[in-house]
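Please find the structures below.
Both of the next two complexes hold chain A, though its partner changes from chain B to chain C.
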Partner chain A sequence: MASPDMDHPEGPQIVADPLKVPNLAFGAMAEIKPFRAHPNHQEPLGFPGELVGNWKEVAIEKIGELANTNRAFRVYLDACVKCGACTDKCHYFLGTGDPKNMPVARQDLLRSVYRRYFTFAGKYFPKLVGARELTKEVLEEWYTYYHQCSQCRRCSVFCPYGIDTAEISMAAREILDTVGMGQKYCNEIIGKVKVIGNNLGLQEKALRATLEDLEEDLEDETGVSVRIPLDEKSADILLVTPSADFFAEPHIDGLLGYAKVFHQAGVSWTVSSYASEAANFGLFIGSQDNMKALCQRIRHAAEDLGVKRIIFGECGHAWRVAYNFLDTLAGPFDFLDPNYPVPQHILEFTLDQIERGNLRFDKSKNDHIRLTYHDSCNVARASRMGDKPGGQFEVPRAVLRAVCNNFFDMDRDTTHESTFCCGGGGGLLTDELMDLRTKGANPRMTALQRVTEDHGVTHMAAICAICKTQFSKVMPQFGYEMDSVVSVHQLVSNAILLDGQEIDGDDRVPEVADAGVT
Partner chain B sequence: MAYQVNGATIEHDEEGYILTLSDWSKELADVIAETEEIDMNEEHWEVVNFLREYYEEYQIAPAVRVLIKSIKKSLGPEKGNNKYMYELFPYGPAKQACKIAGLPKPTGCV
Partner chain C sequence: MLSALYAGLFYLSASILVFGVVLRMAIYARTPAPLKIAQTPAPTTRIGVFWRMLREVVFFQSLFKSNKWIWVFGWTFHMGLLLVLLRHLRYFTNPVWFWVEWIQPVGLYASFALVIGLLGLWSRRLLVERIRYISSPSDHLMLALLFGIAVSGMAMKFVARVDIVAVKVYFLGLLRFKILDLPPDPILLVHLGLVFVLMFIFPISKLLHGPGVFFSPSRNQVDNPREQRYAPRTPAN
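Entry: the complex of A and B
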């Protein structure tokens, strides 16, 4: 039986088929859960520091409130007919075999309690309809298995009713937060954004020093003064990017790519120290209040700096929040230039510049790479790019093909709207969940292994900070180097030719006009 | 959850990061390193000392790239690279070295 062998002495063993259904392993992941938030992580977010005494009443009231105010949530709880279409669609189920990681089973953890208190049959004939009392054990089970969902929505693509487990998982986490059972990783981070402006806790002085350091690197590399401006008033563009782009590998190489593109496009831009984070973990915990507070920092920064446009860097769920909710939560953005989308994705900007002929590339600079592309779940299934349906799939690929000679897609069952989560999304990118993250990455890694075998693929590009970090941590366990995951704009950076850039000794790239490019 | 150093009890969080940064000492670093199964040598100390100096100035650990640049200057290009940093600190120069240096864990998508 070709179920994934995660306990092999030489590390996880790849199975040949990324969609292969594993043997059931009841309770296999019952002990895997993230650290609980401490009171100092909970309270700044407006949640009780510890489990409240009347947790049962509070939780049931919260379920009722959500069912009454969030129509989708109620429909998702009511509509499931147990057809089974979702059962083998979750990467965590495929990687762990734990049946509670089947999307329908995950939904039922909450649905069973909803039925008990909010449906006629559940109130009077609970056993007949699978309704159950809310107990402390149920709360613990929610905490465990709603933190084994990365809210990637792959299951919802295959559900004939469109039931979205991500929404149920977000609601469950909100209920847990409301009774005082928050998750440390997400809530500590949201607190930092509220006080300092980014997930890392990178203050303005450190950010400025980092960006100046990177400017030096860019000049050393290209011989051209490429700026990464910070807090520059009246710049045209505010770049809002994940703070990992200022800190981690390969994220930083993506940031250098954005800087080169902006430089060559001749636009003025700036990063803000006040809104130095694209990520919005308020989404992961289903907290609209916190999501709103983080969105409003971006609005304030845009107003204070007097920019005309807002562009988001490579971050999956940030784009989901920005694309869907920024205007609702922090709009109207009527002070921005109406000729541009609000917000715009850096890939839309870069592709537009390529199509206008403003950027030139030496694609051979990426010839050491045979590339594939990982569609990040929140971009693929919860947003769009460009002005055509499916743009979120085609815009990144169009940019990659413009800068790279050797591009090969993975199996169609594992890309586009059917893409697999990296295994670390939705607020699960924390070290104590490494076992889950590794197992959850197995389907994606298996699909990658296939294109490696078929086409010699060496690298995988991504446009999400979480994906990049997750892959750099888990890929070594699957036979790849940690730098086998690359930023899309890292490849742009490798290939772009800046006006006046040093090439091969003393030669310099001529001005665009001189080269006959229009 | 605490380390014991020379009769003193130093509290740490679930992952071994100390709670009070001023509790740090070289002896404590050795104790933390031991729990991480790292035998501290000069190169480890070069990294830990740089992290502490940087933190003193900026209240955060440096980007890995900034760390590597500095180590390249002090120890040469054969040691100032990502691969060597991971040989020194297998769980990552940022997180594991920060723990030994008595600094908070970097948070976020890193």
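Entry: the complex of A and C
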């Protein structure tokens, strides 16, 4: 926890501007790249194990294929006018000063090659329009800088044409995978989900044991038997949550929060061991085939278990995939109860329960916390909650305000659709990129330091498994404790009063006679 | 001879412009958008998307949010250009449409706005290191081309007036596929020559951002994947 610097010996400290534009630092990040995938990680995903002999033809052919099958790819490569509006919008540029981390410059790494082989001007006047041959160096450069993009879409918000560098970087990674230059972190994980069902490679037995332990903890804490069911047939709700929720801090506390909410709402629910993962890294590598394979696991689990609804736990990109793509890739879900959206977000469920008056809270349980909230990129800029545009901002804040007395937003330029990435999204949450991750977190951390100065904020709630892991790693470098990042449902869990729960010794919360049930 | 050459260039560049742009738009329209990628918060209805587009095209809403300098210069340039183009309709219509008459005086001032906007954009491209870094020679050349067109056009109005009636007669003739005499005024020939170049390169250059903006999936998609299943016909689905 950083101390509010109001009583700093030299008077209140002025904290830097999160939007400050750095001087250009050419080549500053040229050496930073993630580990390459081993053939064992490549082949199960349908990619060649190592760089193919005719990589040049294969890559060019793939670019052509993408241009013909993905409108975003073609339009974005054609339409950019180099106006420069996006140049200072990327947290990795703000944190590193490397000009190739400016969104348009990042796009240009690929655009220059597209122009050379697919446009008239680029074929005949390459110098004039900045077109270039595809070489091994270019491939390496792609590998480097397309793995310095967290696909957060912040640049897209500020581009007059909505050009989304995330789409270009996904496409670039797909091209790289196609020639055999995959990234270890993402591809290894996708392989695990395909075989075992979750990113961690946690087998059903281990998962069951973990959940049983958590049930015991819950009973010890509350005196109430709160269940976390696994593979229970005919439960009403299938909860699909990032597997980090089963073992990592502060994710687990979020899971306990979901369990308490479900318990208090009186609904029957279950986790599936077959689809024990909400994350879908297929998105990060731009592979619709792999994304689809993972989505279909969720469908199969829902069918097998005979559930009526699907609810997703706290995870940013997972919610993007679930909200936007699940139905397209694995639908239609006409076997589910049509009275509920497919899928739902856990926060939509919790807020609905709060609004119905089914949940009671002792907000003072969170009084040791002065809270702010980090909008996760994929939730903020690529999905929605509730039925109105912008619900993705309001729903989490409404829940936080219902359970916590001290809530303060960060600068408006760094929240809502303008939120800064945590620095670890898009498949970059791997140790060898720690330097990049820390620098990329800088704008968010600077904005956080401001609310710490102004309002004494001590904790930041996050709604995404990647954000939570990333922040607990990098926050200590910015003067905060690693547990200063908290799950949204952790705060719910702290404050919720379960029927019959022990409070301070022997008192028990009385039953609410008319607690409605959804 | 000169009249015939310019007539040829006019027909050629106009066809390239029209066919090129139509072809591009057809390609964009044909290329599938396999997934919902609306950049949220996004409208949840078609009407909402229409308004979003309108705000982008008329006011450059996102650019405004992004960078006030680029917005001021960019918007001034584009609105100036629009008015100047509309003003030029009087050389192609007889009788001149009433609303084209109305904007004649505004159109004159608009030419200054256009030039100021252009120079502003160009100086940012030269002076701001980030933007200089992302510029290729063609970006400067296009600004130079537009600048040349604007200045030669204004010169004919404010410095060395040409026989504009004869020019109009010439173009009305071209619209009826008759080649009449074009006044051999050097500034006029430069002005028209540069315009032809612009029309040639429009469909193959970044100038295409005009039509391109309507096809940007992050902006033109309705945010309703849960309300209405999104299932475009693509090879993958």
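Definition applied: the second predicted complex is superposed on the first by the 498 of 518 C-alpha atoms of A that agree within 3 Å, B and C clash if a C-alpha of one lies under 4 Å from a C-alpha of the other, contacts with A are read in each partner's own complex, and residues count from 1 in each chain.
The rule we apply is simple: contacts are C-beta pairs under 8 Å (C-beta built on N, C-alpha and C of every residue); 3 or more make two chains touch, one makes a residue touch a chain.
The structure presented is a predicted model; accordingly, all values stated were derived computationally and were not measured.
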item: Touching partner for A:A279 - first (chain B), second (chain C), both, neither; value: first
item: Which of chain B and chain C A:H147 touches, first, second, both or neither; value: neither
item: Contacts of A:H345 with chain B and chain C, given as first, second, both or neither; value: neither
item: Touched partner set for A:D483, first chain B, second chain C, both or neither; value: first
item: Which superposed partner A:R370 touches (first chain B, second chain C, both, neither); value: neither
item: Partner chain(s) touched by A:E249 [first = chain B, second = chain C, both, neither]; value: first
item: Which superposed partner A:H41 touches (first chain B, second chain C, both, neither); value: neither
item: More chain A residues in contact - chain B or chain C; value: C
item: Overlap of the chain B and chain C footprints on chain A, listed as residue numbers; value: none
item: Complex interface listing, chain A residues touching chain C; value: 21, 23-24, 67-72, 74-76, 78-89, 99, 102, 104-105, 108, 119-121, 125, 127-130, 153, 156-164, 167, 288-289, 292, 323-325, 327-329, 331-332, 341-343, 380-384, 387-390, 392-393, 417
item: Touching residues (chain side chain B, partner chain A) in the complex; value: 14-15, 58-60, 62-66, 69, 82, 86, 94-95, 104, 106-110
item: Contact footprint of chain B on chain A as seen in their complex; value: 35, 184-185, 188-189, 192, 198-203, 205-206, 209-210, 213-214, 217, 242-244, 246-249, 251-252, 279, 315, 429, 431-432, 465-466, 468-469, 482-483
item: Sites on chain C touched by chain A in the complex; value: 24, 27-28, 31-44, 48, 56, 60, 62-63, 65-67, 70, 74, 121, 124-125, 128-131, 133-139, 141, 201, 204-206, 208-209, 212-213, 215-219, 223, 225-227, 229-231, 234-237
